[in-house]
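The next part holds the structures, each set out as structure tokens.
Heads up, the next two complexes both have chain A, just with different partners, chain B and then chain C.
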Partner chain A sequence: MLLNSVVLILQEILEAALLVSVLMAFTRVINLRVYWLAGGIGLGCIGSLILSLNMVTISEWFDYVGQEVVNASLQFAITLVLALLTLLYSLKTPATLKWLPFCMTLAVACSLTREGSEIFIYIEGVLSQPPHIRPTLTGSGIGAGIGISVGVLLYYGLLGLPQHWIIYSCLLLLAIIAGNMSAQAAVLLIQADWLSSSIVLWNSSNWLPENSIPGHLLYALIGYEATPSLLQGLAYGAGILSVLMAWSLGRICNKATP
Partner chain B sequence: MSIVNMLRNKPLLMIIGVCALWANASAAGTPVIEIRIKDHLFFPETVQIPVNTKVKLMVINEDATPEEFESYELNREKVIPGNHKAVIFVGPLPPGEYPFFGEFYPKTAQGKVVVKP
Partner chain C sequence: MRSIRFFLIASILAVITLCNFVAALQGYRASLEEAEQLFDRQLYQTVELITNLHTGHFESRLPHQGDLAYQVWHNDKLVALSSASLTTPITDFSPGFGHANFDGYRWRTLVHYDNTHDNWVIAAERTDLRYMLAESVITQAVLPILLGIPLAGLLIWLIVSRGLKPLRDLSGQLKNKQANDLTPVEIPELKSELAQVYHSINALMRRLGTALDREKRFTADAAHELRTPISALKVQLHNLREELPAENQAFAELEAGVERMQHLVEQLLSLYRSTPEEFSRNFTHLNLYQLAQDVIATQHDDFEKKQQVLELEGEECLVEGDPFALATLLQNLLSNANKYTPEGGSVRVTAEPVGNHVCLKVEDSGPGIAPTDYGKVFERFQRLNRKREVAATQGCGLGLTIVRHIADLHHARASIAPSSFDSGAAFIILFKKAEENEHR
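Let's turn to the complex of A and B:
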């Protein structure tokens, strides 16, 4: 139970921790205050509690695929918010910049709602089995600790880069996270049969299995899948492009208005 | 207020409704295969599905604790609350073996989907 809970919680925490780290580094480099993080974590905890407490009802929505639809919506929302955030930042007017903390709060809240609800459901299930409680909670603590540490490493790693590279690295990572989220949302909608299944693009499970440490890390960081489908690949590309286009659009508008 | 008026005023609701109807229509005729979870084990452990055919897995969790159906090979992941059921669509798949497991109790909850030509 101990090792299993370490892996499980680590997987859930990593994705959110990476998003938080990139947004924190972004906040630091553009001299914003980090108050938004408290809002994001608070809303994320409330959201994940609501989602986990209502999981039975939600699971029955849309002929038993409600869970996929809700999770995919949260992931698409993250993609959209990250594109909006990039646009608002690249426009660089005081009126747009003041909305950045709001976007960051929303992105982190959506991410934590999804990941946190699975953690709550898992822990709640274990609490009904007294012999498992202690190893599970210990394992969960270790998993969360490792996940947060990876996030902290990424944060300091980003801030250690030359000044002008930090912002580009953050934007590139945000684009990758947006791509990852939209690809994961597409997979969920395929699982729910709301999108039709498509051909598999490649199979790299022999030399980099998803069920390996580098596989898990790459899954959290860039959304690595050993057997991605065409639709998943397209969604990934669309997510990345949405952030990059938002960035270019903002720059063009910025140059047009001196 | 008539349904038409209600839908006209709520475009989002209409889109969701249309999606749900379309999803229901496309799911009609899809073979359904039942898998049960009992004492953190899958019954049956091996599920045979036809080649190149989309199937609807109806996973019924008879345990009081929740379980998460997960498969790297099938790219599937879904929480199934205790004493509840869940629907997971898989396929169309080429011949092969596709292991799945219960992420919350992976030591015992192991199974595989087998697609034979």
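Let's turn to the complex of A and C:
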């Protein structure tokens, strides 16, 4: 139970910590206040509570695939918000820059709503089995500790880079996060039979199984899958491209403006 | 602004947490494997015990345990069993450890062939119970690592705070220094990492002190040395006026030049006296309206000469300030209004309380200042290209800079706005109102 809890909680916390760290470093480098983070965390906690408390009802939606559809929607929303954030930043006008904190609050709130609801549901389920409470809570504590520590070190690691590299590193990481979110959303929609699974792109189960600890970590960090489908690969690429294209589009518009 | 202390605490705690927890996980996995081997050895001993007990064909003598099942088979006949076990073989008759599923659980099995008595002994233990027992023991060992993190955080916070204390002390000393205090910084216990900073700051203080002393001496000497010859020049000019015809152009220009030079010297001295480094804060409660009346009285002749209408409006209003400095401020504002207002124009001075502030306003009916130039007006030696009819007006470009400096020294805000006349500028100084009861 302890190891299962570590893996599950670490995976969820790491995804959120990665997003928060990158956005905080981004905030620092563009000289914004980090007040948006409190709003994002607050909204995320409320959202995750609402989602987890109503999960039974939600899972009955859309012919009993409501949970998958809602989670996929949240992940797509994160991808879109990250692309919008990049576009607004790259336009660099006072009117667009003032919307950045709102976008960051929304991205963190969506991420925490999804990750937090899964943690709530897991912990709630375990609490009904007294023998498993101690190992589960210990494992959850360890998983959360590792996830938050990686987030803190990533944040300071990013801030330790030369000034002009920070922004590019943040944008690259945001693109990877957007790709990861998009791919995970595609997997959920395949599970819900809303999308049909297609050709498997590769099989790396022998080299790096998904259920190994490095596999779980890579899943949380870059969305690693041992047997990704073509659709999943396309979604991953689309997520990354959405952020990179938003950046390019913003820069083009910015240069075109006299 | 990023804090060094927060950075150190957060990053050290993150590294410790990461290393400890990863090590704890590794320890957990290794301990689970060790426990598995221990349970297997225990199962082996159980099988040996059952083998020794079942030397003949008789029933089980072992007490029943819920987490243990066993069977003894002889010539394909079940000759002994625990009550929990099946009547069919638990697993295949192949010697060694394995797994089997029955009774709704997964079991760890050990099959042993006793060739002395031709018996097959099969023993099985529930894997979930073995796992729970092992996990419960190992969790007890892992839990203190988890609970130790807050304690580690507290200790790191204390140690980092203690370590950064000399830096905090140095920063505090610099922050608390008065603007004119250039004495060396004193650190009771100098740390080697701060030695260079400490020596550099004190060397800078010394150099700054020397430079300021030099400037002070120069200004005092210059004031003395320049005032005297200017006064002598003026006396000579007065004598010369007697000898020359009244309309002599060269003489008029010479006289204007000497006037300008005297004005420039006086303004330079005022500016020097009113810089923050040298300003002596002899603040008292004073009535700004009364002060305006006094200053107007001394400068009234200048306005008379240009037939300008000079009004004073407002009421008694108290501010905290230096009377000499505030009189200089008013003189400069009035002089500025007098210069740039055409003959027959109007100048209005208002001193009145506005909410928690006292507003001093000097408005003129001159040509005014373009809003785009508002920011430049208070800069040193700034003479705007105003479309004045009084282009010949003499000025050195320091008057409004002095006004701004004096306002800053009084924590007042100086600003410019269009005047309430048809044209012209209004110079507004907003002071903080002094409490009346303090005055009394």
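Going forward, the second predicted complex is superposed on the first by the 258 of 258 C-alpha atoms of A that agree within 3 Å, B and C clash if a C-alpha of one lies under 4 Å from a C-alpha of the other, contacts with A are read in each partner's own complex, and residues count from 1 in each chain.
FYI, contacts are C-beta pairs under 8 Å (C-beta built on N, C-alpha and C of every residue); 3 or more make two chains touch, one makes a residue touch a chain.
As the structure is a computational prediction, the values presented were derived from the model and not from experiment.
Peer 1: After the overlay on chain A, what do you see for chain B versus chain C, clash or fit?
Peer 2: On the superposed model, which is not a single observed complex, chain B and chain C fit side by side.
Peer 1: Quick one: is A:229 in contact with chain B, with chain C, with both, or with neither? Answer first, second, both or neither.
Peer 2: In the superposition, A:229 touches chain B alone.
Peer 1: Which touches a greater number of chain A residues, chain B or chain C?
Peer 2: B
Peer 1: According to the stated criteria, A:148 is in contact with first (chain B), second (chain C), both, or neither; which is it?
Peer 2: So A:148 only meets chain C here.
Peer 1: State whether A:34 touches chain B only (first), chain C only (second), both chains, or neither.
Peer 2: neither
Peer 1: So in the superposed three-chain picture, is A:121 touching just chain B, just chain C, both, or none of them (first/second/both/neither)?
Peer 2: first
Peer 1: Using C-alpha centres in the superposed arrangement, which angle lies between chain B and chain C as seen from chain A, in steps of 10 degrees?
Peer 2: Once the structures are overlaid on A, chain A sees chain B and chain C at 160 degrees.
Peer 1: Please give the least Cα distance, whole angstrom, that chain B and chain C reach in the superposed model.
Peer 2: 7
Peer 1: For chain A, which residues are in contact with chain C within the complex?
Peer 2: Checking each residue of chain A against chain C gives 1-3, 6, 28, 131, 134-135, 138, 141-142, 145-146, 148-150, 152-153, 156, 159, 213.
Peer 1: What part of chain B is in contact with chain A in the complex they form?
Peer 2: 19-20, 23-24, 26-27, 30, 54, 56, 64-66, 68, 72-73, 75-82, 84-89, 91-92, 103-107
Peer 1: Would you mind writing out the residues of chain A in touch with chain B in their complex?
Peer 2: Per the touch definition, chain A meets chain B at residues 4, 8, 55-56, 59-60, 62-65, 67-68, 118, 121-122, 124-126, 128-129, 187, 190-194, 196-197, 205, 209-211, 225-229, 232.
Peer 1: Quick one: in the complex, what on chain C touches chain A?
Peer 2: 2, 7, 10-11, 13-15, 17-18, 21-22, 24-25, 28-29, 132, 135-136, 138-139, 142-143, 146, 149
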